[in-house]
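What follows is a structure written as structure tokens; I'll ask about it next.
By letter and in written order, the chains are A, B, C, D and E; residue numbering begins at 1 in each of them.
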Amino acid sequence: MVEEIKKVIKGEILEKSPQRIIIKVKNDSFSSTLNALKGLSFKRLTLFTAVDFVKDNQFELVALVYSNENKILAIVKTRIPKENPEIETITNIYPNAFKYEVELGEMFGIKVIGNPDSMKPFLLEGWEDLPPLRKDFDSIKYATEHYEARNVEVKYD
Amino acid sequence: MENKEYFEKTSYIGALTSTKYIFKKPVTVQYPKEKLNLPERYRGFHVNDLDKCIGCGNCMSICPCQAITMDDPKAFHLVNPKEGSTHLRPRIDYGRCSYCGLCVEVCPTGSLKMERNLIFTSQDGDAFVWFPAEERRTAENGFTQSNEITPLELEKVPMPELEPDVRKKTFEELILGFSEEAAIKEAERCLGCGICMQGCPAHMKIPEYIDAIFKKEYEISVKYMLEDNALPGICGRICTHKCQDDCVYNYRGDAVQIMWLKRFATDMVKDYKVSDPYMFPKTGKKVAVIGSGPSGLSAAYYLTLMGHSVTVFEKRSVPGGALGLGIPMYRLPVYEIDKEVGHLKDLGVEFKFNTEVGKDVLFEDLMRDYDAVYIGVGLSYGRAINLNGEDTPFIIQAIDFLRQVKVEGRRDIPKKVIVIGGGNVAMDVARTVVRLHEINYGGIDTKVQTVSLEDWDIMPASKEEIEGALEEGVIFNPGWGPKEAVFENGKLKGLIVKKVKSVFDEQRRFNPTFYEDQTLFLEGDYIIEAVGQTTNLSFIPEHLMQQLKFTPRRRIWVDEFGETSISGVFAGGDLVETSLGNAISAIANGHRAAIGIDFYLRNVKGGKND
Amino acid sequence: MIKEYELNIGPNHPGIHGNFSVHLKLEGDTIVEAKGNSGYLHRAFEKLMEQRTYLQNLALIPRICVPEPDINEAVYSMAIEELMGVEIPERAKFIRTIVLEAARVNALLFHFGGTAAMLGNYTVNYWAVADRDLMLDIFLKLSGARVYHMYIWPGGVRRDTYPGFEDDVLGFVKYMKDRLIEYDNLFFKNPMFMHRAKGLAKITKETALQMGVTGPNLKATGVKVDVRKDEPYAAYPYLDFDIPVLDDGDAWAREIQRRLELELSLNLIEQAVKKMPKGDVWKKMPNPFKWVIPEGEAYARVESSRGEYGFYFVSDGTDKPYRVSVRGVSMPHMYPLAEELLVGQKLSDAPFILETLDICPPEIDR
Amino acid sequence: MVEKLVLILTPIFAFFVGIFLEGFKRKMVARIHRRYGPPLHQPLLDIIKLLSKKENISHGVMFDLGPVIFVGASILTVLFLPLPHFKQLTPYGDLIAFLYIMVIGSLGMALGAGESGNPNASIGIARALTLMLGYELPLIIAGNTLVVRYGTTDLYKFMTLQSGFNWNLFLLPLTAIAGFIATYGAMGEHPFDTVVAPQEVATGPMVEYGGKHLGLLMIGHAIQVYIETAFFTILFLGGASNIFTFILKQLGVIIVMTLFDTVFPRFRIENAVRYFWRWPTLIALLGLLIVYIGGK
Amino acid sequence: MELQETLEEGYVEILDHLRKRSLWMLHYCTACGAVELPPTITSRFDAERFGIAPFVTSRQSDILLVTGYINIKTLKRLVTVYEQMLPPKYVIGFGSCTINGGIYWDSYAVVKRLDLYLPVDVYIAGCMPTPMAVLEGFRTLMKLIDEGKANGWRKYIENYDYYKANQRKVLKW
């Protein structure tokens, strides 16, 4: 399987275990890679998400695609810069990516070009702060500032 | 697809048969009349035995909900916050608790448990915070910890050491030290609760430096050590490790081997220079330190860091005081002292060896030439027990014996040796004698025995030392006191000992009584007395001596910063009351005195006294 | 009369299992557009997990999916074990299998109760929840809690089974097998159920595959995909079983598929109990205060009662996870599958269709 | 005089019998669910509680009037049902009139609920009216069968004519079955509970009603329970010679209804109507045919 | 209306006594605690023995069960629902999360205290409370109603500004 993938995809391909293949590609060939993988029986998008690598000032987009026939999960990764993060939609390849993309916009502030709902609220309502899953967003601080906790006077009786 | 057919055969009658339950007994548990049987592992509210609890705060650290706060349970009047325990106890906020039971899993004493009850309702939202004391218990125990499956590592990593047969033939260091892997494994065991810090006279930042070891950041680790302890490498070998006695692991398993970890970290750092915690600019003030024992070195180190110039005066030719002279090489090799002292030298501490104050240089001169004087001469003279024949060459003081062996290279020894004393020094002596016997006679027809007033259970020597000595073949006679030495033909024949009735009196003071009629004759041709040491302050001139205040136990009186009743003269180490007679408390004294001297020199009176 | 109007189902609506809402546009009684609205249960698990150490997370993760919490623990543990390169003891594997299958039985019983309630047959609901409680009693004895067991943890399981566990479990299996016949009579073979469900909201194989559908929803369309077989975890390699599939793809097939899986689960529990070896149940894990996990990433997955459930786990070598992304099974089932499936259906069927897809809102919201 | 007194007391009697039947039903359902269920007087407690609630919201006059019309119509309907030994209002209105009056309650509720503006209520009302179309047909046919048989439309006469064990249930089983299904549909039990269907339309017409309004509706409902069961009892179970037998027979009807209620999921509304127009109607027609052929 | 109130005042004790035997709870699964409600209501613990049953709409219900953590988005609905309910109405805070945030104390999406936003009549400890604890909570509520102490809804009217201000703070209304 790895051989076949290598034939069609340019990028770093690593066979981590018999059922996991990690593919690292440039961000401009992300959707074409997924398209090619779909042709190679990787028909199911299992998960589409991002990781905030705050030290590198980059987002890593991760798409997990699965092949029912070969029982292999391909982890397709690409890095995009953190300033004005944008990617192209993959909804045309995998329809269920739609909400994952909306989530990327909401949770990381990644704009998805071609997704009409991108950057619209999905899980949160009236959110005005930084996108919460970014590493530089401090949830503890936010929660302490916004939501009052109960401070119980200790009763010694 | 036979399954499918089965389900496709539908039936109204079949459905109606379900109504037969109208005649059957319901399955309802009629609360509050009936209740579910709650099992043994039920995770309900907490129950904490406040007396057993030591307030280590591990439950607080592990709590994923920040439900636990350590607080003083004034209501419950902790009668006796025992040693190795804080006065704090967990207070649990049931507006946070998620009943995961992780706090119970990590509780080192096992005082925290969960009870078989999870029913509490109230109109008042503030009523959900309480100390889970036994008094509040509403049901029997539910979830408790298990010793088989516990997230804690109860067993210590064994320390490799020389086999008794090998080690007694040589003065090589018998503890081999951890490998990096073992050290990290041992460091990983530490829970980071910091109970041990209270036990340590120097209050070293033990959790921090162990954590740094765990992260392989040895230089940072040593930095943490140097903040409170100028001689970490030495302490890592010979410390009495009170911290390990307080380690919370003692309740369920083996204590973390803090000392060996310290030793490992210092071994990994070749030059401490990278780890010096802070360095102030030079102040131009001069301080004289008398004695290069642990307290002197410690004071010298911190004074130097604070920017003062320090000169150390040492009577002997080697540095280290009791460390350099008294502790046998198999425990503390000379190169280790050299490393630590070398570190001080590199920092700019000036050492004057073979310079005895009062003889080579006068105390008054020091007072005049230096801005402050620190006395750290320690207890460098052996204490006699007034045994007959102490003036003969057959009876020797332990401190002299050890010095002779270590510094002067003495190797001759009679075949049958009696060591009087049950402390660590006695063990050192006995084990040194064993080595000399092996070297001289191959261990054939030799005998080392110790006599101590204290019985096994109260013997002051540390357990490891006693075990080591036993392994090496030392014979113990605990519970006997020396009566008289027997001489024959001008040669020592043996020692008559008498049975001890009690060591302490009712006030727990040292006051031994004996059964005069029960005696025992111990054969021996050499006696080493290791029953304690005393000091000699004759170098201090008479008029100053009169100003000097002493405590009832004949130690120099000092204030909390080590200043004696003479302004500008500080003292520390075993000379002062607060010392526990071990290196680490001497080091702590030295550090505190250094701070006092610094205050004194900077004229920060307020900082010192208030 | 009213031509086109809008109707919100949920969040406070008995037709919605859990806390989410569906915004419907109706023409008469026919749905012309459906839009899901999630987020009522958003607790930011993925963020919270980054703020907690590995052992602390144990208390947090079961809460991601409430009806079937054990899968979270299993996935979490499996991800950590994969990153640490740890193989857990055999006995732990079997106990895990029993727990996971029992959790599946629980979730499915709960689900049947919900489905039947959607159709107005409350008897099934009352029975199923009461029968589920019997299994919860066993869980209570095993782990000390009814719902959030926190029993599976990295390295194995938290405690060995209690004495008499095997008998309890086998007793439950036997009881449940007898009860299944009664459930069949009451519900699955009820003509009225057949009438309501047959041919309703049919999903084709192609759509299902296209939209990332997994679990019984996919198996009911005739695709034999099951993590237990494809990537066996826990003790599944040691067990002898075959995954049932149906080919209709409609609401009826989805429910019958689950019913068959319930039976399979009972069989698996029985097998696992009988084959369970003796021995350790836990591989020692590091001290929780100093628990670091090597840098790397892992995707661990299990077959939940709804489909493939997984964690994408990234570790940066510190004592806290760097990023955990939860693959909620229901995400593709709701968006876009349910949204598209509801179009053209009658309002009366909408809650039932949503229920047959077994959508678990906390999993979407996280 | 006694007649008049009974007439005044009948609604109260009907209410309490209705409450008892409901309470009994809840208890019985609970048993089938394998639990104990609420105390027998629970419906009464519910109504007291509802009536004692404070209300500050109204959606207009019709909204307030709806429940009143419902209860009023129910009371009126009760009066047209004969009791053992008491003709009540039957001399003034026969079976035909009864069937007409029976509808008023639902219509009243429809008017009130429609005012609330909640789409669920509108859907519920639409369903209620549709369902009514469904069950009225077999009900009327079944009623007509009896009219044909006895040559009268007087409900009290129906009762007296069936004395002894000449119950229509035994004599005209097909009609009785059709009549039962239709009455059952009118009760709104599973599988015909499409009107309230909590999971679909959130209790439909009642969605915006709470407090006192709901209390009134529940009173109306209790009387309705009495009406339906009494109606079936009178038509097919031979009425009764005394009040206890009467209640006992109503209880019997409720028990049988509950058995069905607990095991069947609900219909979709169009299926329900189709069902009514198919099976019960066919059976009723068959029964009518038999009466025509056999009776004459 | 006034007549009615005078009448009610006279019989308030009797009414309270009867009222407590019929408490309808709103069928709103606000959070994970809702998973223990089915066992409570259904056959195993059978809350209907106390006259407690789930009801569908806010208008019909007496008890608002807040079953755990309160997400901001849910809080908005909760407040609406609570205001729709007809008095006397009661709020039960269910589990740790409603008392002081529970395990979600550090989450940006979850408020910590329910009583800032709605008046709470009874809190039940637990995470989540077991059915027995829930029943005990109901019993406590009944007792409070009987004693005339469950006055959360009065408090809400009296301190309306306080509650509104708190709600506005987090809901950005």
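As a convention for this text, a residue touches a chain if its C-beta (ideal position, glycine included) is under 8 Å from a C-beta of that chain, and two chains touch if they have at least 3 such contacts.
Protein names from UniProt, one per chain: A = NADH-quinone oxidoreductase subunit C; D = Proton-conducting membrane transporter; E = NADH-quinone oxidoreductase subunit B.
All figures in this text were calculated on a predicted structure; none of them were measured in a lab.
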{"item": "Minimum number of chain-to-chain contact steps, chain A to chain C", "value": "1"}
{"item": "Chains touching both chain A and chain B, listed by label", "value": "C, E"}
{"item": "Chain at maximum distance from chain E, centres defined as averaged CA atoms", "value": "B"}
{"item": "Centre-most chain, if every chain is reduced to its averaged C-alpha atoms", "value": "C"}
{"item": "Remotest chain, chain A as reference, centres from CA atoms", "value": "D"}
{"item": "Between chain B and chain E, centroid-to-centroid distance (C-alpha), Å", "value": "56"}
{"item": "Separation of chain C from chain D, taking each centre as the mean of its C-alpha atoms, in whole Å", "value": "43"}
{"item": "Centroid distance [mean C-alpha coordinates] between chain E and chain A, Å", "value": "39"}
{"item": "Intercentroid distance (Cα basis), chain D paired with chain B, Å", "value": "87"}
{"item": "Touching two or more other chains - residue numbers and ranges from chain E", "value": "27, 42-44, 46, 49, 56-58, 73, 99-101, 103, 105-110, 113, 127, 130"}
{"item": "Residues within chain B bordering two or more other chains", "value": "15, 18, 26-28, 30, 36, 64-65, 93, 95, 98-99, 125, 128"}
{"item": "Set of chain A residues in contact with two or more other chains", "value": "123-125, 132, 137, 139-140, 150"}
{"item": "Touching chain combinations (by label order)", "value": "A-B, A-C, A-E, B-C, B-D, B-E, C-D, C-E, D-E"}
{"item": "Residue ranges of chain C touching chain B (in the complex, touch as defined)", "value": "52, 55-60, 123, 130, 137, 140-145, 148, 150, 158-160, 162, 182, 184-194, 244, 246-247, 256, 259-260, 281-282, 284-290"}
{"item": "Chain D-facing residues of chain C, complex", "value": "1-2, 5-7, 13-15, 29, 116-123, 126-127, 130, 186-187, 190, 192-193, 195-196, 346-352"}
{"item": "Residue ranges of chain E touching chain D (in the complex, touch as defined)", "value": "8, 15, 18-19, 21-24, 27, 42-44, 46, 48-51, 53, 56-62, 84-88"}
{"item": "Residues of chain B defined as touching chain A within the complex", "value": "71, 73-75, 91, 93, 95, 125-126, 128-129"}
{"item": "Contact footprint of chain B on chain E as seen in their complex", "value": "43-46, 49, 93, 96, 99-103, 105-106, 113, 115, 120-127, 129-133, 135-137, 139-140, 144, 149-150"}
